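Pasting the structures in now, so scroll down.
Each of the next two complexes has chain A plus one more chain, namely chain B in the first and chain C in the second.
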Partner chain A sequence: MDIPIIRDVLEESNARAQENRALFDRHGVFAVNIMSSPGSGKTTLLAKTIPLLQQRGLSCAVIEGDITSTLDSERLKPLGIPVVQANTEPFGGDCHVGSHLVQAALKHFDLARVNVLFIENIGNLVCPAEFYLGEDRKVVVLSITEGEDKPLKYPLMFRECSACLLSKMDLAPHLDVNVETLKENLRRTNGRLTVIPISAKTGEGIERWVEWIVKKT
Partner chain B sequence: MEWREKRKEPPFYPPVNGGRDMHELYIAQSILSSVKKSLPENVATEAVTQVRVEVGQLDAVVSESLLFLFNAIKSESGMPAAELLVETIPVRCRCGACGHEFTLDLPVFLCPVCGSGDTVILQGRGIRLTGISANVDEDTEHGHTDHS
Partner chain C sequence: MDIPIIRDVLEESNARAQENRALFDRHGVFAVNIMSSPGSGKTTLLAKTIPLLQQRGLSCAVIEGDITSTLDSERLKPLGIPVVQANTEPFGGDCHVGSHLVQAALKHFDLARVNVLFIENIGNLVCPAEFYLGEDRKVVVLSITEGEDKPLKYPLMFRECSACLLSKMDLAPHLDVNVETLKENLRRTNGRLTVIPISAKTGEGIERWVEWIVKKT
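Moving on to the complex of A and B:
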């Protein structure tokens, strides 16, 4: 017997994501899912961004999904904000943060007191792009040291995101990378993407990125 | 900041246990779970011979990995005889500027007519269960409704 059917295979994952979404809506939380390759500067970016949001009266929280123990959480500790470490394997191995993991992490927050929630995904340009977590926006951090071709190699990631932060711009004079070619490749992949060149070291673009968040809260 | 001072707990919490995930493994598990939910009551999981899915080309699913993992876990999901058929759906877009619809050979989402990057994906994204085949004889179909 043949059973014809049309069914979303990720319906359970999406159902958890919708529950997260409902929680964010109820408490007025703006949730940003931050994705990138390993080492692009996600945690450094958060450490620079969060104090500026706090200055604007926005309270922040972080779900730290990146692997390798609690190293990233420790780096965020001086900010004095709620951080939930959502990884399970001290030696790594997980490839993305799932909506069920976010759901479990959310139980540890007093969401009524959170304006902006950052979900720092696992460093990986493939798997995290596939899964909706209930977030308001997906953002990809791409460091210019990664080369010009990444948008074309990982199209789903760059299609799914609303903004791309081009990080480590301070290194541009020392690299062969052509930032204009990189931007053109971003446009070829997603013409609607907001591209913000940044440097956590010099502060370039950080204000613009903070404004991008503030306007959406 | 004041709300934090009122709280007794430190701002750091123990890790959340979520289990290990791997992209294609999670998808293989989700396919088997979707099949279970879609089977009529009188069809046992053991009777499933074929599972058909559509995978969008944009989803970056490695078919070989998906097949390998599906075959590795199908028995523990009660479907030892299930064969997975994966159909890859090409990416199709509509241009937001001129309305032209086109299929992508390469992951370049520019309109080939007007060059605009303002494009909307029409198909080629998402993973869908599209059909199940099961070996069901007349007796089983009308008799044994107890195994599911």
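Moving on to the complex of A and C:
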């Protein structure tokens, strides 16, 4: 009895994702689903990235996925862009942003005025990788403090993504982590992954990441 | 139709957990379910903790939960203690260690010779908090690199646990994280949580953590 029900859930999820996709196509929105472990620096990255995209004439919007709280949305308020907080707590504390939640959030935007939409997923290196939301690209942020082995231990996430931002590079001198081994593990897991080392503190790699987005829009 | 099926799954999960509990009681095993985000340092912590427990005359065993790979088990090999790798990939890549997996792993131990059993859960601050495995205590490791806000954003994990180890304290001088604010957020989320700042690098807090375990066995 389980199997048909699980299939229904995935079919339902993909149907909502396709509707989101159609909306993005209609309005020329480039949608990026950003995923990572908790505390890798996704929100900090967005706060650094969005002003640079605005300087290139691209207008941005954000869906902030969290189980609970509006902490991340509040951190983005100073940017003056449209932000919708999508909390999963009313849906049983889901461990990932679902396509139905994105669909509900999209109703709050004037998509004709949005060039780049960031969907900041819930901090979780496992479950969010399994769900298509209708996005153009999936991106994973991996803090180098998490160690070299994460691509080998959480392979689905790194296989699903087009780009991996290695964050907190400024901490490298204080860690036992070998960044070259980490990059090699990323290559072994997904040979087509674009790997961009970044630091929100020093600014390292942020321009390259902004270029990556600009070229795709 | 969904609701009875979901209930069955949880009932099944709790039934297996109760059977694990009965085994622990019969053999006088103190079982600790260790949870955290990916890369907080759970395995490193175990490698530091277990020799100190052995010095106190306590014999240890470990169930290493991962989606895939035996990387963590191999890191514990030099300790010469019984370790079972429990991978969820054959079960659909589950995002948490289930009580059925613990039950299967327990068959590989001579529990009469185990005083302390560590169950290292999958790196995930969300889903593992929802499942009772039959353990005596749940413990969460939170790397201070993850930021002050994690207890507020992932409250269930911090409410379910008896102790929180704040790891990578040696990095504090290089971070913008305010450890006092983090502690205050932990207190607000769970006033009964024992908070122990630790560093595997400097040894800070490791003795206090070992004491915490010894007192409970």
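In this text, the second predicted complex is superposed on the first by the 201 of 217 C-alpha atoms of A that agree within 3 Å, B and C clash if a C-alpha of one lies under 4 Å from a C-alpha of the other, contacts with A are read in each partner's own complex, and residues count from 1 in each chain.
Everything that follows uses one rule, which is that a contact is a pair of C-beta atoms (placed from the backbone, for glycine too) under 8 Å apart; a residue touches a chain by one contact, two chains touch by 3 or more.
As the structure is a computational prediction, the values presented were derived from the model and not from experiment.
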**Message:** Quick one: is A:25 in contact with chain B, with chain C, with both, or with neither? Answer first, second, both or neither.
**Reply:** neither
**Message:** Applying the document's definition of touching, compare chain B and chain C: which contacts more of chain A?
**Reply:** B
**Message:** With both complexes superposed on chain A, which partner does A:189 reach: first (chain B), second (chain C), both or neither?
**Reply:** first
**Prompt:** So, does A:211 touch the first partner chain B, the second partner chain C, both, or neither?
**Reply:** neither
**Request:** Mind working out whether A:150 is in touch with chain B, chain C, both or neither, as first, second, both or neither?
**Result:** second
**Request:** Give one of first, second, both or neither to describe whether A:95 is in contact with chain B, with chain C, with both, or with none.
**Result:** both
**Asked** First (chain B), second (chain C), both or neither: which does A:126 touch?
**Response** both
**Request:** Name the contact category of A:12: first (chain B only), second (chain C only), both, or neither.
**Result:** first
**Asked** When the two structures are overlaid on chain A, which partner does A:104 contact: first (chain B), second (chain C), both, or neither?
**Response** first
**Fill in**
chain A contact set shared between chain B and chain C covers 1-2, 5, 93, 95, 126-127, 130, 152, 154-156
**Asked** So in the complex, which bits of chain C are touching chain A?
**Response** 1-2, 5, 37-39, 66-69, 71, 93, 95, 122-127, 130, 143, 145-147, 149-150, 152-156, 168, 170-171, 174-176, 201
**Asked** Residues of chain B touching chain A in their complex?
**Response** 1, 3-4, 7, 11-23, 26-27, 30-31, 33-34, 37-40, 43, 53, 58-60, 106-110, 116-119, 121, 125-134, 136, 141
**Item:** Touch list for chain A against partner chain B, complex
**Value:** 1-13, 70, 73, 77, 80-89, 93-96, 98, 100-101, 104-105, 108, 110, 113, 126-127, 129-130, 152, 154-156, 159, 187-192
